[in-house]
């Protein structure tokens, strides 16, 4: 049933036996898929077809794709309330995701999780999380588990700048460092925690916080997928080879509101700021410009990807709209395993 | 309810007004929490306060529920009266040490010397399609802890009057507001009135059965009472308003009068607030009950996202009516 | 209780044995917590385990209850079976988000795909002159949360059998052991036996009144039963052993038989485990009860340090006897 | 009833109008008082006269005294499970403290708190705390309160190396830095968290953790009361004058077990290590040596202090032993204010 790319794992840079062109197209496709996915989520919300709210990751595609491309299918990620991008980048199928967002039985979690709790075990996604910082322990525990079971799996913990406020992050970084766990803490600093600029909630120096625990830390431009990929590749390699945890600070931006209903943003940020990011630091533009200017592919290649993705997303939305709701008896199932 | 003025405002406005009035009255009152200032919280309940009182008294905090609740405790111990804003009741999980091991016990442990006049404002209630981590009603946890008071306003009028009492109280008080009630409207006098804790409100008198509802379940009980009236069953509806302290006397007296009781609360069914209330009544009205005291809580499942499932988990008037009819038919 | 061997060991040894056996049987079982390795915990319950299983499977953690509980959740989701050690039940306050919002809900939220086979071992009970932050019995909080199982062993035999079941369970299970019971002795077979959850244990049959006790309160109930026997009152004593799931059937049947019930638990009196059990019985045995179901919990005060005060707050056999006599005199 | 030094506040270095000799004697007396107090606590425990357990601060006297001497009476401290030293140093009376430890009605908390919860509002002690890290929020809140009320009070948060494991420490340091609060985080690193060496539970660099939040941090020899005093004096001055929070790492050692019952310590530390600290880094020896060698006072001065303190402590113990237990009706009092 899943329209997911069965061969997804072959594309990741960790084990690439494909050409640079193929790989670039794949990354572009993944980023575009996220963008179009989220645009459609917004559409579903504004047309009152989606229950509840969603937090869109438009603008942050390069972080999700750059990091996940450095991972194997059996590596783990944990995600956040703003998690659609991570989920897709790790290999989830658009149709089952839309179905979940609409609360349908064929969704990844049988409609029981919703946007903030999407998980996809098959692609190593241990779940979005509606508690800010709530998945830091889970990601670190998955890394401990990998180490104990003697696999060389790596675990990535995605979180926003806001999660830097939660003490649990420091608790688990301390343990990850002490026990040299294969976990990477990826902080997506999109400048805001809901409606407050991160400088009002975050004292001092973010990477210094990780370094104080003797965790290797780097800060990068999160809008450049090539930079994200190459840095995460290095950190994944470190983790996989037993050199312990690391921290990756990605500077990025969400184009839309905190959630789909956050339309009037003037009281906390300017249109100019939004436009600046959209125009000068858009991950899709940066990457497609690089691809065309380096001669890797041309505009018509991109157009083709675009139309393929467009079709996939349209089909996926339709699939979700047509899918049945869970049966009433589902409500009491899965409380206990 | 005093009728000093007929002024219809929302629950949210009533909360806002109580805070503004108390902040004007008493300089030591301040608000701390996530996005409480310019944003006025995601529910916009605090809109306008930062404009009047400034960012020194309406503090936007980092996402550090444990830390800023602890800061509230320390501030309360040293002369301030903080109102700590916990955005969703589900996040109370993160604050439990500071509220339960610190705030609730400091007065007692210090032999009565230190005080913690702190209010924690948070919420409860499902039905917003927010998923399992943003929909819980965890108020029974706090009700279980000596040293805390637990308040569940059900109307705009109560929201204002109870919040004022909470702010003036010298003890830690936790207020749970139902997220679904913020737009509810009701008469709220412009007066400065405070509603005492531990006094239940008889919302509607009746003779055949007592429906005890908390928070938004009061509305469900009233709806059910209307439907039951059509079947010639006269239901008394009572709102305890505070579950700690609990107005046992009023509840038991009503049970003795009607001889049948249903308790409705949106916490999970098992080990919830309904269990205590039902036990108190089953004991206190033992020789007068014609039928067992019944309880309706949220279904014992993590709250599902899908609307078709979520709606099955929350008590509704239909369930109350069915149960009431059965109880009244029995005996 | 199978009599396959007559071997008297302590509660503490029984816990230790269950862990050792399960760790031998199943490589994915490991222990994480503060001072669990060389120190074997402050209660010395885990002594010797690190010597057999090494520091890779008995992990001394920093003082980070929230963090290492979360690590337990993540490990459990990915193929391990952690036993998370929370040194005092009072520190559960710090772990609530990880246990309640994460561990308890992940299976459901993922539509049944992910599992969290994790055990949290912690304790309850006062009387150690440890003060208000080291003496609480907070198990009702966990009992209220769908997705969790809550276990209260009362004997060395049960401690071993229930802990084994907990470790083999695919769900998050929280075990509360009474700190005062670690030196209690009892017969514990060397066999590999597991006690199913949700099956109450009738400790003593009786006809006049049912005494339901949990954890160390089972001992209080048995003492009271002995004293009552001297007054020709025949008390039945039941230990639910797990409060979630709760063996309602056995409890109700006993209540129907004896027509009088007292529920004894060391959680705070109000909104405790006793409220649920009493409500279940008051409803299920409604037409058979001769007297109201009575409850005895810890006094509703933060637990005081001074021994003369602390002792007043904990249920004792004398209180049970007095209440039982009154109940049996009535009606 | 209190035998507390009514003029305690005049002795603190922040406002000293006394001679260096007087001040030195005072500091020596305070340290000695703590030592003898604790020795008697141990005695009361081993002779089964004290209920429960206690955590002795013998060996750590210089931290408590050095820091508290830099404070005014109306400044705040929060303390820990190992809190007798802080409490005495801030100005509490030995007799009311012993009474509390024995659960007597005349104790600081009417016997309701006990060793781990002693508080003395009159000397600004907001309380010991039996939750590791549990008072970090309280100390920070007291600092916020001082700032809001427009006083120039300073708040000190004492905690052990073990509390570095608790996330709340980082949460409140972040806020203290953001809001420039007059709070000083004093970390007493006595090398152990219960029975585990701190290096097994503490990754990286302790002061770097504070610095990452842009909190001024210093590390000192906690056994030298003069160094503790001069450094804390500086930090208190900073805080009082609105320059914000700071972090003081004091290297120290507890001579006794984690608690009075922890007798056999060989499995976690050596006798040699214990003896080394007792012989070469004892705060009382270091300070009295300095006083005598600098000619400030002679051995007979010290003997006199010793005998005065001895008498005070003996009287205090007797007072506590003779004091009545609380009446039964006390049990329900003070649940609510």
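As written, the chain order gives the labels A, B, C and D, with residue 1 at the start of each chain.
By our rule, a contact is a pair of C-beta atoms (placed from the backbone, for glycine too) under 8 Å apart; a residue touches a chain by one contact, two chains touch by 3 or more.
What you see is a predicted model, and the numbers here were worked out from it, not measured in a lab.
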More contacts between chains, B-D or A-B: B-D
Chain whose mean Cα position lies farthest from chain A: D
Geometric centre distance via CA averages, chain B-chain A, whole Å: 37
Inter-chain centre distance, chain B versus chain D - centres from mean C-alpha coordinates, in Å: 41
Distance from chain D to chain A - Cα centre to Cα centre, in angstrom: 47
Cα-centroid distance, chain B relative to chain C, in whole angstrom: 30
Residues within chain A bordering two or more other chains: 109, 111-113, 117, 129, 131, 134, 164-168, 171, 174-175, 178, 200-202, 335
Chain C residues counted as touching two or more neighbouring chains: 61-62, 64, 66-67, 90-91, 94, 97, 101, 108-109, 131-133, 146-147, 300-302, 304-305
Residues of chain A that touch chain C when the two form their complex: 76, 78, 107-113, 117, 119, 121, 126-127, 129, 131, 134-146, 148-149, 155, 167-168, 171-172, 174-175, 178-179, 333-337
Chain C to chain B touching residues, read off their complex: 90-91, 93-94, 96-97, 100-101, 104-105, 108-109, 131-133, 138, 140-141, 143-147, 243-244, 246, 267-268, 270-276, 278-279, 282-284, 286, 289, 291-295, 300-302, 304-305
Interfacial residue positions of chain B with respect to chain A in the complex: 34-35, 38-39, 42, 60-64, 66-67, 90-91, 94, 128-134, 299-302, 304-309, 312-313
Interface residues, chain A side, partner chain D - complex: 164-171, 173-175, 177-178, 200-205, 208-209, 211-215
Chain A - residues contacting chain B, complex: 51-53, 103-104, 109, 111-117, 129-134, 162-167, 193-196, 200-202, 267-268, 325-326, 328, 330-332, 335
